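Below is one structure; the comments refer to it alone.
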Amino acid sequence: MTIAQTVTSVPSDSGREAAVATLIVDGQDRPGIVESIASVLGRFGANIVSLDQYSDDPDGGQFFQRTEFSVPGLSAVLPDIDEALSSRLSDGFDLRFTLRDTSAPKRVAIFASKSDHCLLELLWRHRRGELPVSIAMVISNHTDTADEVRGFGIPFFHVPSGGPDKTAAEAEHLRLLQGNVDFIVLARYMQIISAEFIEQVDVPIINIHHSFLPAFVGAGPYAKAKERGVKLIGATAHYVTEDLDQGPIIEQDVVRVTHADTAVDLRRRGADVERSVLARAVQWHSEDRVIRHGNHTVVFA
Amino acid sequence: MTIAQTVTSVPSDSGREAAVATLIVDGQDRPGIVESIASVLGRFGANIVSLDQYSDDPDGGQFFQRTEFSVPGLSAVLPDIDEALSSRLSDGFDLRFTLRDTSAPKRVAIFASKSDHCLLELLWRHRRGELPVSIAMVISNHTDTADEVRGFGIPFFHVPSGGPDKTAAEAEHLRLLQGNVDFIVLARYMQIISAEFIEQVDVPIINIHHSFLPAFVGAGPYAKAKERGVKLIGATAHYVTEDLDQGPIIEQDVVRVTHADTAVDLRRRGADVERSVLARAVQWHSEDRVIRHGNHTVVFA
Amino acid sequence: MTIAQTVTSVPSDSGREAAVATLIVDGQDRPGIVESIASVLGRFGANIVSLDQYSDDPDGGQFFQRTEFSVPGLSAVLPDIDEALSSRLSDGFDLRFTLRDTSAPKRVAIFASKSDHCLLELLWRHRRGELPVSIAMVISNHTDTADEVRGFGIPFFHVPSGGPDKTAAEAEHLRLLQGNVDFIVLARYMQIISAEFIEQVDVPIINIHHSFLPAFVGAGPYAKAKERGVKLIGATAHYVTEDLDQGPIIEQDVVRVTHADTAVDLRRRGADVERSVLARAVQWHSEDRVIRHGNHTVVFA
Amino acid sequence: MTIAQTVTSVPSDSGREAAVATLIVDGQDRPGIVESIASVLGRFGANIVSLDQYSDDPDGGQFFQRTEFSVPGLSAVLPDIDEALSSRLSDGFDLRFTLRDTSAPKRVAIFASKSDHCLLELLWRHRRGELPVSIAMVISNHTDTADEVRGFGIPFFHVPSGGPDKTAAEAEHLRLLQGNVDFIVLARYMQIISAEFIEQVDVPIINIHHSFLPAFVGAGPYAKAKERGVKLIGATAHYVTEDLDQGPIIEQDVVRVTHADTAVDLRRRGADVERSVLARAVQWHSEDRVIRHGNHTVVFA
C-alpha cells in the first residue's frame, strides 16, 4: 500500500498525461474485486483508461489487475483514493495494491561494464522520450563509457569492482543508491551481485542475460550456443534473485543463426536481441506492467 | 442485446467450462461503465474470470470491454443478467452488448474450392478440440474435398458456381445456410461474394487473403509478390465487406522468402501462413475476442 | 560413395526434374576442391543448378559443399560421374561424397504414438507434393491413427511397445524396416530408442523434441516451461544419438506465450511449432540439404 | 570489371582478413561458369573461403555467383587475377564481374534530416566494428544531429534543402560527394531525390522506407497503417530509382502491433524495425552480398 511520492520537480510535459495514475492489485481471487475497485474509483469521478485483469485459476487462484485511470486534480485526490482502497480492499480481501501518479517517473540506476550496446540503447531511448524513467546515474566498474554517458547529461560513477571481495564496492554502490532510485538495471554488468546487496538495496533489479534461459545459464552463453549447434540464439530480461540466472523472467526473444555464424557473429547478432529485450523489460517495469508472483511474472504489455 | 441460444444438444465436456459466459460491451466511453458492468455481474454472484478493456480515447472515445465470467446455474440466470444489463447500460449510456453462454459453440459453414490446406487445418483443429465451434457444413464449388470432409463426419454440399451469374448458386447457399449458422469462413474459396449475399445471409464472413494486405489486393498475389521482389510474404484474415479485400483485418502474419524462391515456393510457404492466420482468426472470432469498429477490429487475444 | 538406386517405379512428374542430381562433398578443406568438382561435372556436360559451399575455417578447417546439377541422360551417366569423382577426390584429398539422382525420392518410415499432429502434417504435405519422399510405412505402438494413415494409402503397422523390455518390439521394427527405408522420422513417438537399435537400423533417425533444446531436456517440457515462466516456447528437430535429446540439431523455432497460457495452451501452441519445425527438417533432409558434422549440422536451406 | 582501389591508408586489423577478396559474377547462365572461375582462382593458389551460386532458371536463365577467396600477397596479385578473369569470362560468356579487396572498405555518405534513430544506429554499429565501411561524411538539411555526428569523429555538412527547387542543394551534394564515396545511404532523409542527381552521382543509393512495401508508398505510412488497421507494420530498405519507393528491395521486416497502438506507438515500434532493416541492408551491401538484377535483388546473406 504505497503511494509513490509526487516528485513535483519532475513535471510531465502535458497536463493531460499528468492526470493519469496506475493501480496494481494482486492477491487471493474471489468474486467482487473488480467491482470493489471500480466502485472506489467511481466515487472519485475517475475515468478508467485501461484495465487488464488476470486470474490464474477462477476457483481460488491468484488475482492480478492493472488499472490506468485519470481523475481531475489527481495529485490532490490520490491520498484519499489510497485510503479508500485500503479500507475497501482490506475489508475481507487478502490483497496488496500499489498506486502511482505516472507524472512522477521511476528513478533508475544503470550498471554497466565495458560493453556499451545495452547501456546506449537505454540512454538513447530515454532521450527520445520513449522510456518514462528518470535516469539518476550510471555506475560502472570501468571508465570506458564515462564520456558518452556524461554527454547525455547523466551522472557517471566509476566504482572499481576490486578483487574477489566485493564488500567495499557494494558498500559504495549502496551509498550512491540509497534513497535515490526506485529500481536498478544491469545493462551487461559483468559482476556477480551478492545476496546481501540485493537485500540491502531493497529495490527491484533487472538483468539482461545473453541467452534464452533456462538454456546456457552462467558465463559464456554464446560459446556454449556455438558448441551445442543451436539454430536460434536469444536473450532474457529477468529480475535478479540470489540464484544466478534463476529469477522471474520478464521478457525473452530470439534470432535465427546458421552453421556459418562464428562465435563473434553470435555475439553481434545476440547484442541486437539483448538491446531490444532489455528495452522492452525496462519500459514495462517503468509503466507498472510487470507484477511478480513467486518466480513468475504477469506482464500486461 | 442478444443471448445466444443454449444449444443443449452440444453440451460441453466439463461442468465447469459450461458455467462460463462472455459479455462484449462497446459504445461511447464515459466514466462508470466498468463499475456498472461489475456491479450487475456482482449482483448475480458472478466471478469475473477475465476482463479486457480498451478505450480509443479517454476523452470521449469509443469504449470496448470483453468479460468472461462464471456463475452458478448459468443458463437459468442468463436471461436475468441480460435484462439487468439492458436496464443498467441503457440508462444514460450509449452502449451495445452481447452476452453468450460459451457452452453453446458458434455454428459455422466453411466455403472451399479446390485447395484443401486451409479447410483441412480447420477440420483437424476442430477434431482435436482446439476450435470451439460447431461445423455445420462445408460448401464447395468443386467436389475434390468431399470424401475428406465427410471422413470428418461433416456434411459436404457441392454447389457449382456456374457461369458469371452467381444468382442461382447464391440462392442455393442461402437456402442451406439460413438459420443454421452464426458465421461463415471462406477457406480459400475462389469466388467473389456479392453485396446482396452479404446483406441477405446477415452473419459475419471471414476470408483469408493470401497476401499481406493492403499489398497485393485481388487475384494472383504470389505472382505479384515474386514480380515485386519482396523479402517477406504474408496472409491476412479479414471480415468480408462489399469492397474486395478491404474489410476489417483480424489477423496477419508473414514468412521470410528469398530471391531463390520460385512462385511455386512462395505459394507453398504462403500456404503455411494462410493456415495459421486463418486458424487464429476463426478461434478468436469463436471466442468473442474480436469486436468490429468501423473498418477496424479490436482483438482481445 | 553411394549412388542411390534409380527407383524406376517412382518416376518424377516432369522430364526436367528427373534430370537433377545432388552431390554432397565434405572433408578436410584445402585449395582446389571446388575446381576439381566443377571440372569433373564439366567433363560430363553437367550444368550446375545450385551450389552452396562452406568451410568452418579457411586455414585447414572442414569443407562442405552441396551441388545440384542437371545433365542429359542422367541415370545412364551417373555411375561414370561417381567413378570420376572417386578417382579425382581420392587423389590427394581427404573427402567423402554422396551422389543421388533426385528422381528417386528417399524412403521413410514414420514412427508415431497417440498424438497425430506431427504425423498428419507430414502425410498432408506429402499428399500435396511438398515432401519429396516415399513414405514406406507408419509404425505405431498404438492403433489410434491406423484408419487415418491407411486413408492416405500408406501401410500402418501396429507394434506394441510391451513392458520395459523393448527387445521384442525393436526386433519387429528391424524386420519391417531393413532394406525398405533410407531414414526414419519419430513424429512424437513416445518411446526411448535403444543404442542397439540405432546401430542396427543404420539409417538416420530424425526426432522432434517439444522444447527449445538444450532447455527442458527429457519428459514433460511444457510443464517445465510453465514452471519456469518462460515467455517463448519452442521445438527442436534433431538426429537421434545414444544420448537422449543431445543429437545434432537440424532446426528449431519458437512461439510467444504469456502468463495467461495454461499448460494445455502451451501444448497446443507448441504443437503448431512442432509441426512446422519437423516438416522443415524432413524436407531439408530429403533434399540432401543437411550435412552432419560431429554433433553439429550444416544446413544449406 | 572493376578493381576497387587498395586504400592502403585503411589497413585491416589482421593480416589474415586483409588477404580476402570478393568476386561477384553475373550474366547469362550456361554450363561451365563455376568451373572457369574456380580454375582461374586455382591457378593463383587462391583458397575459396565461401561460395554462393544461384541461377534463376537452369535452362538459359541468369547466373549469379559470389565468391570469397584468400590468396597470399593479395594486393599484388589482384590485377593479374582481374586480367585472367577478363580473358576467361569474356571468352564465349556474356558475364560481368567485380573484384574487390575487402581490406579497402567501401566509402559511404549518410544523408539524414531531423530524426536520428537510423543515423545513430549506423554510427554505433560502425564504431563497434560491425559495419565494414568508411563513413566519409554525414549530410543533412537540418543541424539537429551535427554535434552528435561530430562526436563520432565524422564530418557533418549542413546543406539546407531550400524551397521546391532542389537544384542548388543537389549541386552542393555533388560537389561534396564526387570521388569521395562508393555508395549513399538515406537514413530517413525526408527529401525527394531527383532523377538527375541519381544519374550524376552514379553510385548506389540505399533508402529506408517506413512501411512494408508495396503497402503504403509515399508519405505518412504509419498514419496510413493506423487508418487501415493492419496488425503488423514494417520497414523496407531498397535501392533508389527514379520511381518513388519502387526500387529493388534489399531487406524488409515487420513487427506486431495491436488496436491499442496509437499512431505515435506505431512510429516508435516502426523506428526499431527501420533501424535493424537498414543496418542489415547496409552491411550486406558493404560486403558485396547484394546483386541487382532488374528491379530485383539477389542477396547472399
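So that you can tell them apart, the chains are marked A, B, C and D in the order they are listed, and the count of residues begins at 1 in each.
Following the convention adopted for this analysis, a contact is a pair of C-beta atoms (placed from the backbone, for glycine too) under 8 Å apart; a residue touches a chain by one contact, two chains touch by 3 or more.
Protein identities per chain, from UniProt: A, B, C, D = Formyltetrahydrofolate deformylase.
Predicted, not measured: the structure shown is a model, and the values here were computed from it.
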| item | value |
| --- | --- |
| Chain D reached from chain A - shortest hop count over touching chains | 1 |
| Chain pair among A-C, B-C or A-B whose interface repeats that of A-D, sharing over half of the contact pairs by residue number | B-C |
| Chain pair, B-D or B-C, that carries the greater number of C-beta contacts | B-D |
| Inter-centroid spacing, chain C versus chain B (mean Cα positions, whole Å) | 38 |
| Centre-of-Cα separation between chain D and chain B, whole angstrom | 43 |
| Set of chain C residues in contact with two or more other chains | 50, 54, 260 |
| Category of the chain touch graph - line, ring, star, complete, other | complete |
| Contact set on chain C toward chain A in their complex | 54, 56, 212-216, 228-232, 234, 248-254, 258-260, 295-299 |
| Chain A-touching residues of chain D, taken from the complex the two chains share | 50, 116-117, 120, 124, 128, 130, 151, 260, 268, 272, 276 |
| Residues on chain C engaged by chain D in the complex (per definition of touch) | 16, 29-35, 38-39, 41-42, 45-55, 58-59, 70 |
